[in-house]
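Letters A, B, C, D and E mark the chains as written, and numbering starts fresh at 1 in each.
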């Protein structure tokens, strides 16, 4: 709970500081505040909120704490990533406050104990992102991106709400514990109502994590939005969404797994195949990362599908590893695209020679996303597959394995471009101090998490 | 303290690589060479230690790593591992030395990648924990891929991509197999005294594998076999290999063929045979048939190759087919022979590829048709080539013979017909090797080969020891065979022989 | 005397479903972004109606309170959505969604 | 009596909803939507959610729809010339919407067996009750929604204001 | 004494090492001295060993140097077996080897590869000694392959010539075909007997009741080993390499391709005599192949015009006779013939070398003639050799051949008949060779005639020594017929063949029969001599040039029955074609194409899939709605 207050205050500060002519302070205060927020979250580890508080509105269990920490850290890294854009912009106040508010929504999505909070969390998370996606106001692409995201997001929200209404109709409650109990004991007004409601909620959530066939917004929105915002979307938004998805389905709708597990199976399979295969064709790294982001949703769904003891830990680890890898990839992409004015694979040509550090970070990120040891992405995938196999989902694991083989192709393409292809202009990209710090932290995270996965998975 | 040798063997190349990366020194190759020599000394020291501890022939280190899922950093050196580690430590200095002339761009990166590769390989050969093994296994792929990509030649982007993904295909199957087995480790109810947590420890995995019914073991067999078969490679999973060998820089080719290939054969011995005995017994026929087909098939293809490096690449497939067939016979002769042949093939093939490199660097071609008569110009080189070649065709008193004989011996005990076809390597090997030797070295000198420069000091420093080793190991292989024997016996006792 | 005691609850379900579907239909049918927004509002209202019906059915105020939140969110969304729309209109002089297809493949 | 009212309101709501979709002028659509909202508000009243009905009218008809109208006026979109999708696509849209309705009804098959409500508290829709629920049980979401409004506000301003450069 | 037997192979090995490593820097004289000296030293030790073996105490046994290969149940140590058989071979190899070394110092004097030549020769002697000394099959195999290598190196000694290289390669590969058989034989021995050491294998095999008599496994072992022998000793069908092997310098032909290496097959079977004795089938096969080869090669020899080719076919033929001997159980006879053959065939080759030397590397007898007067020593020694090989008493060839034919007669009259036929043909073509080369008018160029000269001492002295041996060597094995105990060799070798002797049914022919057999053979040989002399003394009967028309039979035989062409068409070409097929079709179009096809399919799919991403929101939402409809529909179902 304290985390939410802390973050909301941070966002409020960012919003108001400009009025008091403290614009210069916004960035540093928030940047330093985020570790504080993480610390506050950690202090709730064994806090009084282990069981639901505020009339069963939220619960700060370990799951919530860990996901909050992951998202907060990601936001801190994101702040580093976007620092130039943020500091130069006259809208620093808007950007930072929106990002922090969005994060608050994300935290709500991992700690809700009531569908009301889930709904609010999703909206608080999404609305700032709709705006941020369009924050490059003069760019048509950015506009289009914001519009598509907003329109489809709102449409999906409609489904989510209709689903919530049906679930309410079936269980007479918004309270997760009561719903779970009702589902478990079949104390329902109508089973059909519940099933259909779950499907509608599933559609809404699948949209948020961009699972096929509800993914259509993703490539376009990711491509059109400013790169920093894309990084935000593909990390924090995704983490919050999958955590919320997991909390709802694995903790609450467990008793109805028969209804939704087949659907998730199919959705996961489609997501894995479609995301990975389509990414192969892309010529723009940014769009490729968008498809890759779709495909990663597929892996995460596997853990949800498995519902094993290890599922929570595996999703947590996966999101952490994936966020670290994505932040690294987007950071490099942003710098390269700014320097070259193009987001294609060929923008990376010769980077290995002209900017070995960037190339190295990109390599680590790509290998991590591809799931090659000793990068974090490997253990992430391993743990997910392990959970799924544990629960007997052999078929989908095989699909996932094949899909990740395909993914190696397009991740390595980036590396090949960097180290193999020559570039005519040997452009040197100056790294600011904060970017250097970011690069070091991201690389260290990718490798350290990969080598010592216990740091995270033993927590859940 | 003694157990830290293992750690040292793994960590030292890595530290050296880091040092190289950060110093960016101009003398990178010298530092790398020195490091690899020290590593070799360490390996020899370990060898000596192991010999003294004949009763407990293991240098082991076992510390918890990922407690949550029962993964330990368990590395140990028994006889089999010792041979592989020794081979790695022996070949890397040669490989580094052989590239002295090449003047690679960005040498510190190049050599540190080689050393990282060495770390990963040593890790693969010593890991006694399934997870750790897998991590090292994959880790080995990254540096070699970069070496091929950055310093290779030709259409290497496509080729190395194929190589990476193809080998990864196998690895992932193995991972799936590992995970599956892992689920059957551990026993008892949580909280009770009898509870044993799940674990990736090799013993636990062995037990888990043996507890499966034969059908399941068959699946696990294929999961592992695919990984190893692709890595080695065994027909028909080999098509990544010739292209990659050709495209890679010579040091990379040497690493690939000299050591990395042995990951597959080592994997068979350590991880496949004892892991799922019933699976192995059910599928050994298939595996041996594939291997034997590979021998004949690759030998035949080698006969019509026009490029020297590609020819060696196919010959390597043939050799490795023999190794794999021999190992699958589950006989002590076959497995010991396999080990011996791994070492011998490693030394030999490094020599052969180096020879190809020497020729290429002087004549700018590897096409057999364009070469000829080098012997007239550089007789010493011709002799060295000849001896390496004889090692490759397994002439008695070269190291190749000991291995090949034992392998065919093992195969013979399994099946006469298999031995007959496997034995064709004796004939076909001579056909393609002598053909290439004749095309390259004999005949009249032509304009391409006329200016063939004498061997440099570095080149001699690689080739001569290789030649000496080829003969020495052929005449007196006993120390190597002895040290592996108990471990091999143990493997066979777990896997169950064919008799 | 509440209507819920007279009218079977599935009547309301049907009504909501029909309204919801009409909303979806509108989203698919029209090209004008503003109309599409309105249709989405219609979908939300269908959900609201369902919630209120159940709320009465269960005599649980929670359902109605939830509707408050939906209204609040809807208002916020509309504000943002229309802001985005005006922004686009400024750039393209159009609210036709079919023109927004620069990002594809 | 109630049932006729229900039918009437439902008929109005559905009809106007359809007209929202099919009318040519955006302003007409807005007006039909407002009628729909009123019909829904009528349902709320029938369901003893009197306060909600009032709020509904105020927020939707009063605020949201006005906002829509305002934007339409501002952007001067009140023309009948809005291009339509090709017939095939419109047909597909109708089919898809129809299919959704049908399958949804099919999926909810069995809900008609729900028993009629017995004794219901007639007063839950009153301000007092709602207020108690809102400020006791739903206090946290109530507070939290402030963040939502803040961000929406910031965002709308940010997007709406002219670029300084 | 026999403990020092390791010195025998060691000395040539050291010679090889020294010459090989430092040969370039040493003078030719020193190289020659080291080369000959090492073999001479080995010869000395061999004599000592031989004496020790032959002496009263009959020292023999196995000397173990070190463990070589040990894996599982398989053990093979590096150990030497000294017994009469091996000590006799030691003597032949080092003795004849030494003479040929000495000869080479003269023959190769002008060659730039002088040091290399001696290094190879020494290496060859080393491997040959290893072959006969090993106390197990694996060491024999080591020597076996080693001599094959040296043979390869020496055939292709003049490596600039591509034809020579091809001949060398052919020899090596054909030998390897045999070697595979040998190898499989060894493995079968190991599988059957659990060991490869002679002692335990033979003991087990010979032990009564072990059931190895006429057993399929025994037969299989014998036949597999015999495949090895076919390769090494140039028997049908693996004989074609030997005539081509004449591409090497003549001393090589003498040493390797006549006197020693090619007799390794005989040694092997003689060594494994008990196994063969146990299998009648194998014996029959050996005898049949042997006599067929003998006859076949002899017919070819009649029409060859290359002096060395004639000798080569003669060698093949003689080897065939030896196998006949082995096949009919005349182990001693075969070994005896190995020895005498080593003498006279080495002699013939060296003499031929002397001719070639004088003729400046002209080998075609159609360009020779009348050399008697220019090369008196060569002629005399060649003449002796010819008589010896023709089996005219009391020269060496007579005794050994007679022993084989006598056994053949007892065994199978038809074999005997063919043997005599072969023997007669041998006499015919050898005298043909003799007359064409040394009698009549000189038919070469004037320049050649101008340079004709007798060879230096270093070459003629070995010739004379060998001539002496060819004359006297036969007396080691005088038939029992003439005096009891006259067959010294028989007594000497007895321990090596005693296991066989115990189970061989030996019926001795009556004295009359024996005399008849001898007389028949001698008469035939002399008749042939006469015939050849009569025919080839006429200048008109000089063989036709290659482009002249000859009758078809002669043409077929002259072209060696087109066997090479046949092999080319049946083995070499198909192998190449299969290889091309594997590479071009299977590898590139199939296996690799599948792999690449998978990748291409994914790319193709990617191209299709991405089209779903039209950029149109209407479509996106439509797709979502349809998906939901589908999900709901499935749920209802």
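Definition applied: a contact is a pair of C-beta atoms (placed from the backbone, for glycine too) under 8 Å apart; a residue touches a chain by one contact, two chains touch by 3 or more.
Because the structure is predicted, anything quoted here is derived from the model rather than measured.
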Chains touching both chain B and chain D, listed by label: A, E
Chain-contact steps, minimal, separating chain E from chain D: 1
Which of B-E and C-E has more C-beta contact pairs: B-E
Identity of the chain that, by mean CA position, is farthest from chain E: D
Mean-CA-position distance for chain B and chain A (Å): 42
Whole-Å gap between the CA centroids of chain A and chain C: 27
Approximate Å spacing (C-alpha centroids) for the pair chain C, chain D: 5
Computed distance of Cα centres, chain D from chain A, in Å: 31
Chain E, residues touching no fewer than two other chains: 599, 610, 613, 615, 617-618, 621-622, 625, 628, 632, 635
Contacts with 2+ other chains: residues of chain C: 9, 13, 20, 23-24, 27-28, 31, 37, 48, 53, 57, 60, 62, 65, 69, 73, 76-77, 80, 83-85, 87, 97-98, 100-105
Numbers and ranges of chain D residues touching at least 2 other chains: 85, 92-93, 96-97, 100, 104, 107-109, 111, 114, 137-138, 141, 145, 148, 152, 155-156, 159
Touch relationships between chains, expressed as pairs: A-B, A-C, A-D, A-E, B-E, C-D, C-E, D-E
Partner chain B, residues of chain E touching it in the complex: 20, 66-74, 138, 141-142, 144-146, 149, 152, 156, 159-160, 162, 165-166, 169, 172-173, 176-177, 179-180, 183-184, 187-188, 190-191, 575-576, 578-580, 582-583, 586-587, 591-592, 595-596, 599
Of all residues in chain E, those that touch chain C in their complex: 610-611, 613-618, 621-622, 625
Chain A-touching residues of chain D, taken from the complex the two chains share: 104, 107-111, 113-114, 136-141, 144-145, 147-148, 150-152, 154-159, 163-164
Chain A residues within the chain B interface of the complex: 310, 313, 352, 367, 372-374, 378, 382-383, 385-386, 389-390, 397-398, 401, 404-405, 408-409, 412-413, 415-416, 419-421, 452-454, 457-458
Chain E contact footprint on chain A (complex, rising order): 147-148, 151-152, 155-156, 159, 195-196, 199-200, 203, 207, 213-214, 216-217, 219-220, 259, 263, 274, 277-282, 406, 409
